[in-house]
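These are the structures, in structure tokens.
Both of the next two complexes hold chain A, though its partner changes from chain B to chain C.
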Partner chain A sequence: MLEYLTVGLLLQLVINGILFGAMYGLAAIGLSLIFGTMRIVFLAQGAVIVLMAYLCYWLFTLFHIDPYVSTPLLGIIALLLGAGLYQVLFRRAVRMEDKNISLLIAVGLMFLLENFMAVAWTPDPRSISTSYTSSSISIGTLDISFTRLLGFAMAMLATGAVTLFLKRTFVGKAVRAASEDIEAARLVGVNPHWVNTMAFAIGIGLSGIAGIAVSTTYPFDPYFGFVFSLKAMIALALGGLGSVSGALLGGIILGLLESLAAFFISGGWADAIGYAVFLLVLLFRPEGLFVRSIKKA
Partner chain B sequence: MENHLLEIRDLAVAYGGVQALWGVSAHVDEGSIVSLVGANGAGKTTLLKTIAGLNRPKAGGVFFAGKKLSGMSPEGVVNEGISLVPEGRRLFARLTVKENLELGAYASRARPTYKESLERAYTLFPILKTRRTQVAGSLSGGEQQMLAIARSMMSNPSILMLDEPSLGLSPLVVKVMFELIENLNRTGVTILLVEQNIYQALKISQHAYVMKTGKIALEGSGEQLLADPDVQNAYLGSLE
Partner chain C sequence: MRNARSLGIALVIILALVFVPFVSDSEKSYLIFFLFLTFCHIVLTQGWNLAAGYTGQISLGNHAFFALGAYTTAMIWRADLFRTGHYYFDPVTMALSGVVPAVFALAIGIPLLGKLRGDYFALGTLGFGEIVKVAFIKGGNFTGGPIGIMLPSSVYTTLKPHYWTALFLAVLATAVVYFMSRSRVGLALVAIREDETAAASSGISVLKYKVLAFAIGAFLIGVCGSVYAYYLFQVSPDGFLILKWTLYPILMCVIGGSGTVIGPIVGALVMTGVFTAANIYLPSIHPIFSGIIIILVMLFMPNGIVRLRERGAQGQ
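What follows is the complex of A and B.
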């Protein structure tokens, strides 16, 4: 296989890996926010992303709304869905402080969504094809898919927006404080349900963006989400908890690894290598690759 | 009812099936420094946490200026004007010094006076101004304790509760800390103090309670308790 390898091909693999990795990164940021504030491993994140992809698909096939036009609408739907999921499903469980209950609710929600989608849209893979789906931008010998590039751009924009929110706004700072120490945050007056609602809304809001990016670039089916959640968790382990840019970077590294492994070893190995890296990171650098450890006060 | 700023009446608290407080009654007068002393596990921290709304009492109540606090959430209590500097400081280690202070003013009562409170914090602790862009986790132990106190003061509390503020600090810094507590008190803040450093705590207190296995064993003025032979034997032995 190596005889086919050229610099151009290698670059192509790297770019594809980065572009797809950004999708993992988006999902990982959502997981990170939700885990950070509530210590919930939100395994249904992938299923919600697929649900958003289906909604985007629906708007496109039934109403002929271009996926990128429906982005703001889906973003808002996802934000509201996130807030609703917290209030209806997780609020009580978080108050009970039993993490197992929250995890079980997340798993239950995932199966519910998967089966709902299988009934609503059949288990056949779907994809959105627009006039520009197969167009690409050529730079020298490189071909960069237009939709993947846009998906990547949306991921970067969304990450930037979340970072600004967390760093610059009062509520964002409260979310970060609550992720570090919810009890200390309550002692200064932070209402835990409010920050949890925010974290859930934004985490799921990002899955709206990810859903659009996925639906415009890859075929998807109702069961695609679980693997996506797992990949997001790997990205999170790579990036380290509590860092938005770390989660994005973790996703990109995972995408790169998979892309390169699929070429140099074989497609089947890509996933195995992803999980192996997951275990290695957890074993040897559980705080993540990019988090400088700060001694706890 | 007498006019105490804070009144704790027959308070009983249990967690996880273990009772930690048994009918504790105590009070704090406006403008005073009151200490709670006693061995580890006597229930001092539990009492502060219950006042702060982190524990729910199973009997009895906490009243602040005549208003019932017990049953309120911690967010509610801090908004009433009682702020706890928790044991171990509990700073937001990955946030900057300034962000920690900003969050100290999260309660709605504190927002209108945020600018003045920040000014006051920087005047009280000039070092925090110098370090305002550093993350809190990078401060020294003494600086962290100062930040923890400054953060609590950002909510403009009438009563500041401090849980072991001298823990883990060098003797020199401990001295500074006690001076600081007295200074805060002079500006009109009522202080409720839990301390292992019993001698120092009693010295600055107008009134103090000795707690033992979840009950008040003894109470009196700081001077009285310092002179009490039982207190001397049990807690101040090393000083003789």
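What follows is the complex of A and C.
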């Protein structure tokens, strides 16, 4: 295999890895917000992403709305869905000591969504093809898919927007305060339910954007989401909890790793390598790769 | 007095269950299969209960132990390891099928449990499960790849041996949980769950007990995987290395009441019933229905069925 390796090909692998990794990153930011504020391992994140991809597919095939035109609409739907999910499913569970409960609710939701999608839209893989989905931008020998690039740009914009929101607005600061120390945040008057609702809404809102990016770039089926959730979790562990840019960076590293491993070792093993790195990071740097050692007692 | 009576009732129920295959036709009646499946679920649920319910270490990788047990049986049989040619319900093969996952549990339990707590341990075991899955799919001739290993199904005559073995395992698993919960070990486990730092400062070797609970659970689950391999005769990633074998037991344990001896049995019985009924009456939407049940149970009785009575008693 190595005899085919050129600098151009290597660059191509790196770029593909980064572009795809940004999708993991987007999902990881959502997970990070939800885990950070509520300690919920929201395994259904991937299923929600696929649901959004289906909605996007639906708007496109039935009403001929371009995926990128439907972005704001889907973003708002996802925000509302997130707030709704929190209020209906997690409001009570969050207060309980036993974290099994919220984990299992997320698992139940995943089951429900996956199989609902399989019944509603059949388990066959779908993909959106517009006039531009197969076009790409060529720089020298490099081919960069237009939709992947746009997906990457959307991921960057969304990350930037969330970072600004968390740093500059009052609600954002409350979310950050709550994820650092919920008791202290409550003492200074932060309403935990409001913060949790916001975190959930934004986390799921991001999955709306990830859904659009996925639907225009890759074929998807109802069960695609679970693996995506796992990958997002790996990205989260790589980047360290509670850091938005860390989660994105973690996603990009995972994408790179997989892209390179798929070429140098073999496609099927790429997943195992992702998980192995995940285990190693959990064992040796559980605070994430980019956090300058803050050891908590 | 109360204990002696409970034990008596348990013995009567077990004896009654032993005689069911003589009354009910094991090849025509659905009852035998249903009970067999319930017993398997009880074993898996108790296995998870030991580490999670008592010690508070939530594992999401138990399907890997189930598969490791099944694959151990299949590989020993295929390789004719003992040169006896007789591996169908061979006790040594089945015991080894428990030992292999237990060794794996020790190997990953010591580093993971030593370093990770709570959610991180859950994520770590999830990662372990996925690594095992990929390894078996990509294992070539050694593991049979995505198709897995076919066993000679010609030895199958009736479901009765499966039924009795699974019943025995379910009783064994419950007995292990019962005796551990009433011994020093059990007290240590509960102490760890309630407050790890306090347990450590009282002189409990936290890691030792956590790993012990995890490995015993893995042993029970592995033997159950072996029995299930004798039932399916095809040991494949699609049949064994699926998250269902971790999630269903967790669901059953939590629904019944985790950290109790009876809870997993109640949960396994109720949920096997629900799944079976849903499978028969709502075949196409059965998993959706299961998802809804999980959510509803978690929302409205998060402490499990067996604790409903406790809560009622407290209320008075």
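By definition in this document, the second predicted complex is superposed on the first by the 292 of 297 C-alpha atoms of A that agree within 3 Å, B and C clash if a C-alpha of one lies under 4 Å from a C-alpha of the other, contacts with A are read in each partner's own complex, and residues count from 1 in each chain.
Please note the rule applied: contacts are C-beta pairs under 8 Å (C-beta built on N, C-alpha and C of every residue); 3 or more make two chains touch, one makes a residue touch a chain.
These numbers were taken from a predicted model, which means no experiment stands behind them.
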item: First (chain B), second (chain C), both or neither touched by A:100; value: second
item: Which of chain B and chain C A:110 touches, first, second, both or neither; value: second
item: First, second, both or neither for A:39, with chain B first and chain C second; value: second
item: Chain B versus chain C as contact partner of A:275, first or second or both or neither; value: second
item: Contacts of A:285 with chain B and chain C, given as first, second, both or neither; value: neither
item: Winner by number of chain A residues touched, once chain B and chain C are compared; value: C
item: Set of chain A residues, in rising order, touched by both chain B and chain C; value: none
item: Contact set on chain A toward chain C in their complex; value: 35, 39, 41, 89, 92-93, 96, 98-101, 103-105, 107-116, 118-119, 226, 230, 233-234, 237, 266, 268-269, 271-272, 275-276, 278-279, 282-283, 286
item: Residues on chain A engaged by chain B in the complex (per definition of touch); value: 170, 173-174, 176-177, 180-181, 183-191, 242, 294-297
item: Of all residues in chain B, those that touch chain A in their complex; value: 52-54, 73-75, 78-79, 83-84, 86, 88-95, 99, 102-108, 110, 135-139, 144, 151-152, 154-155
item: Interfacial residue positions of chain C with respect to chain A in the complex; value: 52, 58, 111-112, 115-116, 118-120, 122-124, 126-128, 130-131, 134-135, 137-138, 243, 247, 250-251, 254, 258, 284-285, 287-288, 290-295, 298-299, 302
